[in-house]
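Next up: the structures, one after another.
Paired with chain B in one complex and with chain C in the other, chain A is shared by the two complexes that follow.
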Partner chain A sequence: MSIYSSVASNTMPNRVLPVLGCLALALVWLLDLGVIQPNRIVPGTGHGLISAVGGPWAGLVSLVLAGCVLLSFLPLRRRYLPLLGLVGLSLALLPLLLEVFAGRHLPEDAPYARSSIGAGFWCLLFLLSLMLIEILGRLGSGRGLQLMILAVIVGSWLWILRGGGLESLSLVREFNARPDKFEQALWTHLALAFGAVGISAGLAFLLALKMIRSVAWRRPILGAVSFLQTIPSLAVFGLLIAPLSALAAAFPALQAMGIRGIGWAPALLALVAYSLLPMVRNTFVALTEVPESLADAGRGMGMNERQLFFKLKLPLALPVIVEGVRITTIQAIGLTAVAALIGAGGFGSFIFQGLGQAAMDLVLLGALPTIALALLADALLTMLAASLKPTPATA
Partner chain B sequence: MIELKNVTRRFGDAVAVDRINLTVETGEVCVLVGSSGCGKSTTLRMINQLLPHSEGQILVDGNDVTAMNPEQLRLNMGYVIQGTGLFPHWTVARNIAMVPQLLKWPRERIDERVHELLTLLDLDQATHANKYPQQLSGGQAQRVGVARALAANPNILLMDEPFGALDAITRENLQLEMLRIQSQLRKTTVFVTHDIDEALRLATRIAVMDQGRIIQHDTPENILRRPASVFVENLVGKQDRGLKLMSLHTVRDLMEAPPQPREPEPGADGLKEDDSLRVALSIMLWQNWSQVPVFNADGQETGTITRDRIIQEGA
Partner chain C sequence: MRVWLPPVMLTVLLCALSAGMPALEPLFEWMQPDKQNVIYERESFLFLLQNHLMLVVISALVGTVAAVAGGIFATRPAGRDFLPLVSQIASIGQTFPPVAVLALAVPVLGFGEAPILVALILYGLLPILRNTLAGLEGVDATVRQAALGMGMSPFQVLLQVELPLAGRVILAGIRTSVTINIATAAIGSTIGARTLGDPVIAGLVNGNTAYVLQGAILIGMLALTVDSLFEAAERVWDRRFLPQTAG
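Then we have the complex of A and B:
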């Protein structure tokens, strides 16, 4: 980020924002902004920008995007602040477009009719987000500002959602049809993903310690966890069904714990197996890359091996270890969606149900929260890793 | 006092240190000098048992080091290494406080000691105490390294090429600093270097090592005047031996002092009592002076020195 925030580059014309802005302008006019479906299954009719929200709103959208493009061309030193306001406000108020769209087009006498989000809207959302990221980068903003803007945008979305104008949105309908299941899926998803990450973190730590203590174990352990990673995830889920069923049949105690060939047990096992490689590798590399001269100095000053580990090696390795946890967590959140195939629950169950029923908005109801969880975990763990970096950059 | 008796260290079949005998008296600076791979660092690291010796006996103040707990042994020995070995995630103050913390000193005593050491090593408390090692220059970092080694007031100081990675000017400053500190603290010091000038400057006695053996163990003056072998003769340099001898003595040794020091005439040029004869001669040749007044640290004129006398008696 620092190379973007240098003072000299601030007055240079920005090349990224005009491209993104023009692209957004083109796509929002070319693609359908929204779709009206007579019922859940039948394909709907798409509406372009003008048809969807009418002239004044279409004009406003075009004006805002054109304004962003123009502003980014100006060689002003302080242009990124108004740009930030413009793009941030647009993002925060974006759902209003859907509300206007539904209000204009939804027939009042058709209770099964629903509106869904069109490609144009998705593109607009995506490109505006990219513009926001670019602007925040140029401003060299701190974590605090970034979090605040994110909170404002999400808060505004929730507020618009509360207002009830989006009731007809099929995504909202799919949610309203199963709020309990959604909440349950959320907790199952979190429990599976974070349970797997927690278990594999502990396991990986022990394995990495074993690898450090004895050179003979290095190749076998790394080989084994790499091998686990190479098996296709679906195959692991499938392969675990038979042995776990057999185990559960042989030991009633296991069955009482809920361990069966399908469900959370094989899912958790597979997720742990997948999480091991990045965890073991990062932990091992982080701990072994602590310079020997530092360990030598510590030892020479009278530290014992235990003190060396806790006062020197672990603190220096921690940011890299957390980086491993971050990669693993994102991967596990995604894989947990697949684990729904063997009955583990979580957001994946909506995705597979939706695919089965050809109801794309049900798929979205599973996919969007999965993506949001992954992004959130990514942001939080990146922050954690940054705060653990104990030293400032070299002065 | 440190005594090495018939100490041998093998790595596999290779003999790194071969039956050496060495005694370092209390308060003296013993410099181990030799080319790389001669076994000088190995010797140093055997004293604090970072490397166990294969044969022989190492005594510290009469006690066999193998009979002691190695951590306990090292806590009583300051240790300074070439790359400083400062912990990058600790501030300067915390790095210096390392050994006192391991020894579980009370907080206030540690703070007081850190302050004392920063002052001793000419580091400013306000600007340096809360910096991280990467924010320091090489010379400052090594000062902190020395401060860390002195923190718990150990009797013994082990220094493994501490100034080797520094530029010539910084190295010379730190050498002078070390002489000053040593004159105050009188630690029993074992100092490893490959730089013969550094050895001549700092040592009470020099042990010249080659291929795992000690070739000669003597005072700098004797090493220069009576090298025990061709190897030592080459090491100290045949041609500028005279000048090197001059650098072992100070102006104070050869100046003619009047009974009373007096205030100098304003603006008068001269030498300091602590300047080496080599520096004195160099200045006098350059300025074409045949005699120069000498000043003490307070700026009083305490005598004069003549070029003829330096040439006759200096080396």
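Then we have the complex of A and C:
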């Protein structure tokens, strides 16, 4: 059954790619590709595809998309490789469209004028990424190939960015106005998110051990950590302000450490509280689901309980524990952005500053790195979990 | 009926707190003696609660319909081609932080209630979609074959066999989605939606801890109430369907 279907799906016309390709073709012609703003706040004028990049480039974009649609219709066996090349190359060179757009439309004598990315460009980027995911899935490619393609695309974007043609892009302008703050936000964000994950990993391990030792503790611990997860983040941050400021007022030593009602202390506490549920659940499940027959085999070989735990149970449980760390890390990266509301810093501070000033590019400067961090953490930890899976020695 | 007791009590408590917050003024005055106003008065708490709930309910309804329809489409023979991509989107999409999705909605759609609703629908769709796919894919192929062999049409099999069997998993997805959306809608008050997040944000801006506390308590209560409602619904579901499948 599975052999048949895989052969069939490789030679039969693919229907997903034409749908995505036609959608991209329609949207890139219908929506504005780029926007020119006279300064930071004033809403700009949008430019459609032809007006933005001119006839030849518009033709090239349409040709590439139409080519993808045609290629995926052909009942060829090896069409996914050329498709991969075509879509990958288009993604890698996509920022060139913005460079051409800025070169054609930016007035020379207006130092505050800036170009920003239009909805058409975002749609093109999104749909091309979906096509890439679909092609990689159909090829059944390994993780190595996927990473290589991602590296090529990101490398090419950085290379185009360093060329200087995108200086006028508002996102780049916002970054260039505050490179130090950006770097500081990055470190704060990482420190808060990973600090919380680290602390909660330790706590969760202890809690899971307690749950394994005594059955009576299982329900209360799981109940408590899932209760914490239910309360919305904004409420938790808000509820921590009053007790922490009272504590800081009562004990000057705490105040000297920087613990106040707002800032990093309530943020870290809340993040740890949120991280406990996925961590405890996965650690507990992983450690209890090691098959009893394996433990018996270990005992038969003369292992004591301590060796049994460290040499048998923990290594077998590790992939599931790492999966818990992955869920927790992604969640913590997102919640750290909310923590900017109580003055904890990080990329969220750009988001909320930008929202307050109606400066959309500042919002993007906060939101895009947050998403990138989450995706990166997801990819790395998925890889780590996969590499930790024990492989049978007799395979 | 005992399963419905906690949600009913929590609902009564939530409404009483929203309506009677001004009565607690002495308490907040004791907490925050240096402020003139200790009760948030720009909007009534009942109005904020109602608006918050409406955003969440609308996004949950639209999201559920869209996600279940999408999940059904991707598991039918006609839509099988789309299954790998749809399940990839559902899992990759969930790595996007909700705040970032909310923030990205503003440049595209502007400030106000509409962008929040769109962001809530799109983001809330993902857990439901993933659970719908998992639920429908989890239906035993032999059960489906048996139903077809009994002379049911594929449509009848979907309605009378597959969806009831997948329903519990789909319900769990809706619960996750609603929990996330209550939290995201609260943050939505930074982009101009009037939700229970308003007092919290106003309190943070003015340094008024009493406002923050009032908003935070109500948001937390709302989340607990809705969650206990789902808990009760899941219990009722289990009681009605599980004994049959076990026996």
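Please note the rule applied: the second predicted complex is superposed on the first by the 381 of 395 C-alpha atoms of A that agree within 3 Å, B and C clash if a C-alpha of one lies under 4 Å from a C-alpha of the other, contacts with A are read in each partner's own complex, and residues count from 1 in each chain.
The rule is simple: a contact is a pair of C-beta atoms (placed from the backbone, for glycine too) under 8 Å apart; a residue touches a chain by one contact, two chains touch by 3 or more.
Keep in mind the model is a prediction, meaning the values are calculated, not measured.
By the touch criterion defined above, A:Leu81 lies against neither chain B nor chain C after alignment on the C-alpha atoms of chain A.
Of the two partner chains placed by the overlay, only chain C lies in contact with A:Ile133; chain B stays clear of it. In the superposed model, A:Val363 makes contact with chain C only, not with chain B. Residue contacts after overlaying the shared chain place A:Ser293 against chain B, while chain C stays out of touching range.
In the superposition on chain A, A:Leu70 makes contact with neither chain B nor chain C. By the touch criterion stated above, A:Leu341 is placed in contact with chain C alone, chain B being left untouched. Counted by residues of chain A touched, the larger count belongs to C, out of chain B and chain C. Note: no residue of chain A belongs to the chain B contact set and to the chain C contact set alike, using the contact criterion stated above. Within the complex formed with chain A, the chain C residues making contact are 31, 81-82, 84-85, 88-89, 92, 95-100, 103-104, 106-108, 111, 179, 182-183, 186-187, 190-191, 197, 200-201, 203-204, 209, 212-213, 215-217, 219-220, 223-224, 227. By the touch criterion given at the top, residues 48, 50, 71-76, 79, 81-90, 98-99, 102, 132, 134-135, 148-149, 158 of chain B touch chain A in their complex. Here chain A touches chain B in the complex through residues 293-294, 296-304, 307, 311-312, 315-316, 390-392, 394-395, going by the rule given at the top. Taken in their complex, chain A has these residues touching chain C: 9, 14-16, 119, 122, 130, 133-134, 137-138, 229-239, 241-242, 245, 261-262, 330, 333-335, 337-338, 341-342, 348, 351-352, 354-355, 358, 360, 363-364, 366-368, 370-371, 374-375, 378.
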